[in-house]
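Before anything else, here's the structure in question.
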Amino acid sequence: MKSVKMSRRTVVAGAAAAGALAGASGASAQGAANVLRVVMHSDLRIIDPIWTTAYIVRNHGYMIYDTLFALDSKGQVQPQMVDRYTVSDDKLTYTFTLRDGLMWHDNQPVTTADIIPSIRRWAARDPLGQTVMGFIASMDAKDPKTFEIKLKEATGLLIFALGKPSSNVPFMMPKRVAETDPQTQITEFVGSGPFMFVRDEWRPGDRAVYAKFQGYRPRSEPASGLAGGKVAKVDRVEWRVITDQQQAINALQAGEIDLIEAPSHDLLPLLKADRNVKLHNWNVLGNQYTLRFNHTTAPFNNPKIRQAALYALNQEDFLKATIGDPEYYKVCKAMFVCGSPLETLAGMEDKLESNFAKARQLLQEAGYAREPVVLLHSTDLQVLTNLAPVAKQLFERAGFVVDMQSMDWQTVVARRVKRDPPTQGGWSAMLTSWVAADILNPVMAGFFNASGDRAAFGWPNDPEIEALRARFARAGSEAEQKQIAEAVQRRVAEAPTHIHLGQWYQPGAHRSNISGWLEAPAPVFWNIEKGRGA
Amino acid sequence: MISYILRRLAATVPVLFTVAVMVFLMLRLTPGDPAAIIAGDNATTQQILDIRTKLGLEEPILQQFFIWLGSILRGDLGESFFFRKTVFELISERIEPTLSLAFLTIVLAVVIAIPLGVLAAYRQGTWIDRVVMGFSVIGFSVPVFVIGYLLIYIFAIKLGWFPVQGYQRISGGVFPWFRSLVLPAFTLSVIYIALIARMTRTSVLEVLSEDYIRTARAKGQTEVKVLFQHALKNAAVPIVTVVGIGVALLIGGVVVTESVYSIPGLGRLTVDAVLARDFPVIQAIILAFSFVYVLINLIVDLSYTIFDPRIRY
Amino acid sequence: MTGPILEIRNLTVQLPKGADRKFAVENVSLTVNPGEIVCVVGESGSGKSVSSHAVMGLLPKGQLTVAGGEILLEGENVLKASANRLRDLRGTRMSMIFQEPMTALNPVVTCGEQIDEVLRIHTDLPATERKEKVIAVMESVRLPDPIKMYDAYPHQLSGGQRQRIMIAQALVLDPALLIADEPTTALDVTTQAQILKLVAEMQERRGTGVLFITHDFGVVAEIAHRVVVMQKGHVVETGTATEVLTNPQHPYTKMLINAVPTLTPPQREDRTGEVALETVKLCKVYGGGGFFQKKREVRAAADVEIRVRRGETLGIVGESGSGKSTVARCIARLIEPTSGGIVVGNMDIAKLPERQLRPHRKHCQIVFQDPYRSLNPRRSVGASIIEGPMNFGMSEADAVAKARDLMKLVGLSPDALDRYPHQFSGGQRQRICIARALAMEPEILIADEAVSALDVSVQAQVLDLLDDVRKKFDLAVLFITHDLRVAAQICDRIAVMQNGVVVEHGRTAEVFANPQHAYTRSLFEAAPGRNFQFARVA
Amino acid sequence: MTAPASSSPVAETAVPLPAKPTVWRKLLRSPNVVVGVAIVLVMVCIGLIAPLIATSDPTAINPGARNRVPMATSTMRMDDGTRATVTHYMGTDTLGRDVFSRVVYGARVSIFIGISVAILSVSIGLVIGMAAGYFRWLDSIIMRIMDGLMAIPAILLAIAVVSLSRAGLASVIIAIVVPEVPRVVRLVRSVVLSVREEPYVEAAVTAGTPTLKLIIRHILPNTVAPLIVQGTFICASAILVEAILSFLGIGIPPDVPTWGNIMAEGRQLFRIFPHNILYPGIFLALTVLAVNMLGDGLRDTLDPKMEKRG
């Protein structure tokens, strides 16, 4: 047994070495062997990562675009395209210098003239971007390599925002592209990232193909998270669409593909049993299930009733029902994610324990008139399908009247932005999942935006939370941020904007001849090597 | 003949028009909002409204219809809401797998089913008959996807004879193309084998009771030749018809089979498009399928003349 | 060679269980000698076809089984022969032609090939020789332009030509025995005459023995050397044609022969009742119009002018496609005439829309040819009879009472009213149809080939019935038929139709005495057994 | 002018005087019918007495007991806090729902869908078909529309219709009915066209029977046999289509147990937990098989061709 392990390890090592050589030389000597065939969690249809927040498009962005700053594996923001930057003593003036050798895929040099419109376009759409924009007085290019951002008042968010790891990521695009109206999709796909998008091989519903960009100049540091040197070690990456989870697994085991971003949890036992396949938890921060209220209509326009829900639910049931294997979920009452700097239990101690008695009592006090909770149930996304039924059962046992309506995810997405009363195609509650990296603090996490009509669907209106978020944006020190975050969480425990239903982890799966998959909030394909055999 | 074809083609116009109207209305009344889907998960209401206007979804329905109809007549199928591609591009790059699958399925079905049917008819009432008919009934009764999974499990996973999924373009060599289609085609053909075998049996049975069969026997003709020279040719018309009808069914079956074997064909394009409310794509595909259907019927009718000299147009 | 070609000894064939009797044929014996035409005569159910099929070994498997006796073909017992041996005999030593040449020929194979097939099966001649042989035999059966006809499909030929093809394919290998199963029944008289002539001629020239199955004594008189009369599966009488036809012994034979209507109509005085029905330039054109190209028009009836008085029977005589039925259906307004007038009483109903037409429908009733399809199988005959009267407001009780009377009138038990059509024989059904028609108390009764589908004996009875009711209710009867004998028997006047036109019109006696029009004459020429005086025995 | 002696010697010898065996006796003689009816009845009974034989609430989820193999046991938290132990004869699904109970209740919905689709499409098709067949002027209009409907592939039409309204029993039934209707219409129409030429219909016309009576008395009955046959086949295919719609994720809401749903949900785990797809699959196949056999049997016995000559 042991000897087997040994021998396999040595094989892999050898393969890795070979791969490394090939990758370094960039030669496609190994031909097909150097093509990485991947099944992503969904199909790439839209390809403007600024225009949409869909995660698949974000992943596409990381393939072909580069960022000014990036989050490393320790959650620290590191310069990426930026070589170095200075901050004036009054913390109001930032001066950035781009590193040498940055090239667009059309072999034009990257200049500050490209950078500034890129930031503007991103900031026009991203919530965090909008907040930060509120602080920015001006952005000016000093010369092709250096540019300067002046703030109205100090904020700790600027650098963090520019290194925002997940949707929407501030990707840098060429000037002509970046100047596209934010409301319109871009039509040209030239980036400066380690891979190039092979447009004429892109067949939506079938495959998207990326080729190594020979002109990419990686940073010298070793790759870490989204930061460090982005060394492409395969010539081609093909995103294959296999809609049927079972079939994706079959294909991986049959060696027809090399890697699955998000295999269904229930099928993991199959993969664990297969010595040619390895599992890899690439997103260490994981994800967070979330229940979103519609604050504009009964019953959830009443904070007490929302709190009753908070008492009625418990994370374990949701996690069991969807993930099942405790190895891949974690009960976590911290809204800003367990294992993150802002982790706290504040206000949540007695909540999320399925305390139906308490819930009933609150409903009574709130004078709940048995208005039905219209619960949107999406039936076609594996990781979400089982959430709504659990919520329904828990709600009902707490005395809610629940009308669960099943539909495909696309319809949910369409329904949840409708503000009509539930009787006329509106809704009361829906369930979704966030990538932990998107919700690390109250400003970036969209669901905390409580600015009423301007807030995301659900439209919470809570001046207190808004005040706290404003303060957070200005907060200088970690400590101050932490203290505000706790305040926010306490407030939410009283008048929930949404309910966090626990953290879960999505291991990826790959053939054992694949190595070098980085741990990061998003799946990235630089640094991945493909050895021979297996 | 020619004028008949012309007349038939002319007759398809109202049909396709009805289809167009029905499909268009159906889609415009669906609750799903493509704009919201395009905008993505964290989009605000305003962003979605902007997109709706961009897609022309804010126009009055009637206007939308005529705009669309106009462009169709100009041969322009419009552009997908999602993919930065024209519907025409999308369909044309998806058509090969579907055609291949359909073609192979029908060939397979015909080759297997007709001899079975004739045999069953000739041995009517014997165990052979019952076995064939039994199989055909079962063929009707098991959902396509179940058959698919079973075949995959046995022939792809356990035996490893065929790939689990995916489609190899014919440009990449006939053998890999064929190999990638064997399982899907067989999965899909089961129901047609059943269908065609039954029809062959019934119509051959009918023919066998005809006088000219007796005449042939009275000439001293052997049974085999009586069956295949006299009976089958006369039984051909209904068989051809059912094969034609089969094609209509086929289109439905393709949808499922393609998603089981993740074959990037029109079937899956349709499902994706419907789930995504990609109106232009759905409309175009359904129209296309309908046109194919009508065309097939015409071809079937014309093929009658080959099998039966009495039929002239 | 000497000795009979075919000898059937005590043949007994069993019927499937549940049939009305145990045996299809029982102890049937008959012989066919070289160069002899033996006619087997009998009505439906007599088992004449069964015997012939038994000879060919073509009895439907499982349904009919030979229970005893032997069939010797040139001394060889075909009942004992193996399947292969039987196949060899068929087409070479014995062959068969059938009633309906349209269905007996494979519609999707050219005529030539179908004859050729026999050669391919039984000889190994090269294609060229085979073709010559086929052409030769086609010529010998008087087919025009055989080379062209070789590649023609059956549906492109006339009924007569098709039957000739059948005969050609039966005789191409000069079999010793030819079995002809009602070969002319489906054909028009004129064609029938030609085919009969051909058969006789062939048989003479080639010395073939012919077993000729028929139900028509006219035909028998035409060609038979010897006659075998069958009834309910038994041979009741055999003898030479002249013996049997002029001096029948067995009562059944006598009955059959008496039932054959004569061709010499009885003298009748003119009817003087008022005119009940009159058509004026009645035309019916099928087809026409068309979307891209003009469809070819068919003038099924052109300027037809007929007049029928109360108490009078007008016969419309003609071959298939002569348009006689079209006229009938126009008058009954089952189809709308293209032009012209139909005066019933003093009212032109030619163009009346259905709504206004309905009250007039009762005046004119029709009896159809096929007794099996003219009664709704799902409704009791009573229901079918009372339907009409009740449509015109008669109470159910009265209607039923009337129905009972009518059943008596047509010679059926009134208690049979609540039985269903399938429980009656063809003749009985025709009677019921007549009762149904009479229930409407019509002035005009149209009989559209009303007796053509019936056996002679039954035919005679129904004809009598029709004549009785005509007298009783002073009906104007329009009698459509293709059978001159029948026409001669009951029609006061006849109108002869050809291709939609009335070519001759006059008192039956006169028309029969000296037909004016060539076509009429040819009809008489063709009538089988016309110059044969059947015995009239009590 | 064809004469009596029909080409088959059998017809000649058998004069149809004895009363023919009643349809019922004929049906009882057909093994297809007997077996088919038997199985269908069993299934219907299962559906009817589902509450009695189900071991637990088919919609009660139990995250603690997901994907249990057949015959496994689990304990359920009742509302009153007590705990009950259940044996899962067919295991549990990904939500810990008892597959056996779901299958048993599924019989209800699936069969209901089958039957109601059959009845609806047949009766709608009958009315339209009659109109088209009897009234020339309506014919062309109706048939054009029917052609249009027919030209749209059934599944696509169904998909579209389901997404038309909120996924639910009603919309699924409609979705399956709509494509079936034109087929029924065509059948009825053809029957009407052929029957209206029958002499006994013409006789009724000359007897001055009013159109409506004519249709009901003389034409309608001829459509019954073929429609019953067609109906059974529609019923069978409806049950299947429901399954396929569920498979494509646009069927009846998943919490409603139908065989299709159970299979569709179970299909992802086909390789590890085949029971999720196996058991409902068997029930479904068996039922459809039975209904199809029934249809075959009915066709062989009720076939109008047999019917015409006594």
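Order as written gives the chain letters A, B, C and D; numbering starts at 1 within each chain.
Everything that follows uses one rule, which is that a residue touches a chain if its C-beta (ideal position, glycine included) is under 8 Å from a C-beta of that chain, and two chains touch if they have at least 3 such contacts.
From a predicted model like this one, the values you see are computed outputs, not experimental measurements.
Put simply, the chain closest to the centre of the protein, by Cα centroids, is B. A straight line joining the Cα centres of chain A and chain B is 41 Å long. Note on chain placement: the centre of chain B and the centre of chain D lie 22 Å apart, centres being C-alpha means. Chain geometry summary: the mean Cα position of chain B and that of chain C are 49 Å apart. The geometric centre of chain A is 89 Å away from that of chain C, both derived from CA atoms. Annotation for chain C: residues 98, 100, 103-104 touch two or more other chains.
Looking at chain B, residues 31-32, 149, 157, 211, 214, 259, 275, 277 sit in touch with two or more other chains.
The set of chain D residues that touch two or more partner chains comprises 7-8, 163, 166, 249-250, 267, 270-271. By the document's touch criterion, interfaces exist between A-B, A-D, B-C, B-D, C-D. In the complex of the two chains, the chain A residues touching chain B come out as 43, 45-47, 51-54, 57, 125, 127, 167, 183-185, 187, 203-207, 240-244, 246-247, 250-251, 253-254, 256, 380, 407-408, 410-411, 413-417, 419, 425, 432, 446, 453-457. Of all the residues in chain D, the ones that touch chain A in their complex are 60-61, 63-64, 66-67, 79, 94-96, 163, 166-167, 249-250, 253-255, 267-272. Listing the residues of chain A that touch chain D in their complex gives 244-246, 249-250, 264, 266-267, 269-270, 316-318, 320-321, 324, 377, 379-380, 382, 385-386, 389-390, 392-393, 397, 404-408, 411. Residue ranges on chain B touching chain C, taken from their complex, read 3, 6-7, 210-212, 214-222, 230, 233-234, 307-310.
Taken in their complex, chain D has these residues touching chain C: 1-10, 12-20, 198-211, 213, 217-218, 221, 307-310.
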